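Two complexes are shown next, each including subunit A; its partner changes from subunit B in the first to subunit C in the second.
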Partner chain A sequence: MASRSQLRLIFMQFSSITFGMAAIYSLYIINKSGGLIYYKDYGSSGRMDTNDSLRVASLWHSMHAISQQLSPVSGCTGIELLQADTFDLHCFQSLTGTKFFVVCEPGTQHMESLLKFSYELYTDYVLKNPFYEMEMPIRCELFDINLAQAVQKDRVAFLGR
Partner chain B sequence: MIGVGKMKQYGNVLDKPLNKGKQEVSLSAFAFLFSEMVQYNQTQVDNIGELERRLEDAGYAVGARVLELLCHRDKGNRRETRLLGILSFVHSTVWKVLFGKVADSLEKGTEHEDEYMISEKELLVNRFISIPKDMGTFNCGAFVAGIVRGVLDGAGFPAVVTAHFVPMEGQQRPRTTILIKFAEEVLLRETRLG
Partner chain C sequence: MAPVAPRSGDAIFANVERVNAELFTLTYGAIVRQLLTDLEEVDEVNKQLDQMGYNIGIRLIDEFLAKSNVSRCVDFRETTDVIAKVGFKMFLGVTASVANWDADGTCCSIILEDNPLVDFVELPDNCQGLYYCNILSGVIRGALEMVSMKTEITWIRDVLRGDDAFELQVKLLKQVPEEYPYKDDE
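Entry: the complex of A and B
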């Protein structure tokens, strides 16, 4: 489990990418054991290096699991939204335990539908691809193309309608 | 249908009209089945050429059956005997039954007399498939090429059929071209028939 100083480090890194123009900073997909299988940066500045993105992914996985146990209500499925001063983190967990989360500008709308849509793309272009190995990093051209289209700003707004 | 109205009694099973059947199956179900088929065949081979051949063989069996069925259902037990006839049969009738639409284009090869091409902007079997970089020019359309070969071979038009990715100008994704190269005897017969 990450110490407090580590947490602060990660959060500082997020704040460094908030100056980008895009409303969505980055999108992550983590497998059921907490390994990062997909990471895409959409911010124009302050990109995160590979190690940091892996750390964020496993950190989020642990925090998500702990939140489920600490929750005062029964049947909690984990954190869905984390709001910080400089970013929002929306998380969606599929039935199989694969987690999708997006880091975006505070107050960005329609992120739930974007996550649902990326899940849909994942089931189509990743799981139906015979050359994809389960739980391994995603390298599928069609998934990249379709996700890039979905993340485009107007597309996000369109999905929310 | 028990107790619903009065059903017409047919003395002979062969007198019954051939049921058109349900026209569509789930695309997802097909995609998963096809994906598993490719994955299974991948475990059985050492190289990509071998995988392509196995997919083609799987398609060949489908093609042979499709020809039989469609000749019986749509053509009153007749089959095409001319080159252009069978090509347009594949391009429209077969394609429509298998993929729900007519193929995007049917062209004659410019360099060789015996070559024809059926092109699809997005082949149904390739809808969800991204080929990894290390597999080079491999195309899962080999399965469809096999279907085409099965139909042609069954109809008496032996040919070598292959599937290729062809990059398109202004398009992000290449299209798939099914290249048909007929055997010499087919062309000789065709000229004899005039």
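Entry: the complex of A and C
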């Protein structure tokens, strides 16, 4: 009995370490013309000031476009994942041209689902807000709240998906 | 990640939040009535409804794409099919059919037998020129424009004018290429 509960404890520690490690640094949304319309930091590392975040967004927009041109395969829709030593960048582009991308610790799982879910939240809490102007920076509190919850919950909710 | 299979219109309709159909129908009626009072001219009301639909469509397309998991359509035939089978079901709770294709596949009709917008409506004599459901054509035009298809949409049949169904003619004017306008250095 004792050994079994010990084992469970070890497993719990192990899982909290592996999932706890999976930190999301920040999330960006770029409109179809390459303008940054949303940027949020989650966590203490990798924070950026406004200028840097704008720079990352416009760089990513261009790189994404160039990657489509460079790809030897026809029908390429652009970079989906950029892996670096210190971070992963996952990108999702909707068919309407809006790009969502998340910067996270290397090896973080389920980021595709998180981006897909962010897109759904965007359609619900941003596009349905009658006072939101299309293509403009997003200042919608409900979106902030729901997105923050999704980012927190991702370890739990998206694992089961 | 494996691509997620597109969902059927019925499956989405079962999952999204819905409002009472009567509330929806009456609200739409109130809007049209108010527009008639404000603008006085039936033609202006048609224009305004189309514009309102367009404004809805350019936002609604993203919700449609996010929740239906449909991927890029290969041609215009598939697009209209998806609108009729998935789109109408998801947002209006009814299914439409597609017919009357022209030879080059750029023009067809979406036929709506059942339309919740007109449940209690009878057009009075002084509104005969009104396209009561003109908001729908605007929605489709706006939504398709966001996925780079310029379309022109006209009403062919209208139950309120004594026809047996609603028929929307959807004509693809041009497909704006999605590539960035790169110019190679000469």
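The working rule: the second predicted complex is superposed on the first by the 129 of 161 C-alpha atoms of A that agree within 3 Å, B and C clash if a C-alpha of one lies under 4 Å from a C-alpha of the other, contacts with A are read in each partner's own complex, and residues count from 1 in each chain.
The definition used in the following text is that contacts are C-beta pairs under 8 Å (C-beta built on N, C-alpha and C of every residue); 3 or more make two chains touch, one makes a residue touch a chain.
What you see is a predicted model; the values in this text were computed from it and never measured.
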Partner chain(s) touched by A:Ala65 [first = subunit B, second = subunit C, both, neither]: second
First, second, both or neither for A:Tyr119, with subunit B first and subunit C second: second
Which superposed partner A:Thr98 touches (first subunit B, second subunit C, both, neither): second
Partner chain(s) touched by A:Tyr42 [first = subunit B, second = subunit C, both, neither]: neither
First, second, both or neither for A:Lys128, with subunit B first and subunit C second: both
Larger contact residue set on subunit A - subunit B or subunit C: C
Partner chain(s) touched by A:Phe87 [first = subunit B, second = subunit C, both, neither]: neither
Residues of subunit A contacting subunit B in one complex and subunit C in the other: 124, 128
Subunit B-touching residues of subunit A, taken from the complex the two chains share: 124-125, 128-131, 139-143, 145
Of subunit C, residues touching subunit A in the complex: 1, 58-63, 65-67, 71-72, 146-147, 178-180, 182
Complex interface listing, subunit A residues touching subunit C: 65, 68-69, 94-98, 112-113, 116, 119-120, 122-124, 127-128, 134
Footprint of subunit A on subunit B - complex, ascending: 28, 31-32, 34-39, 42, 128-132, 135, 140, 172-173
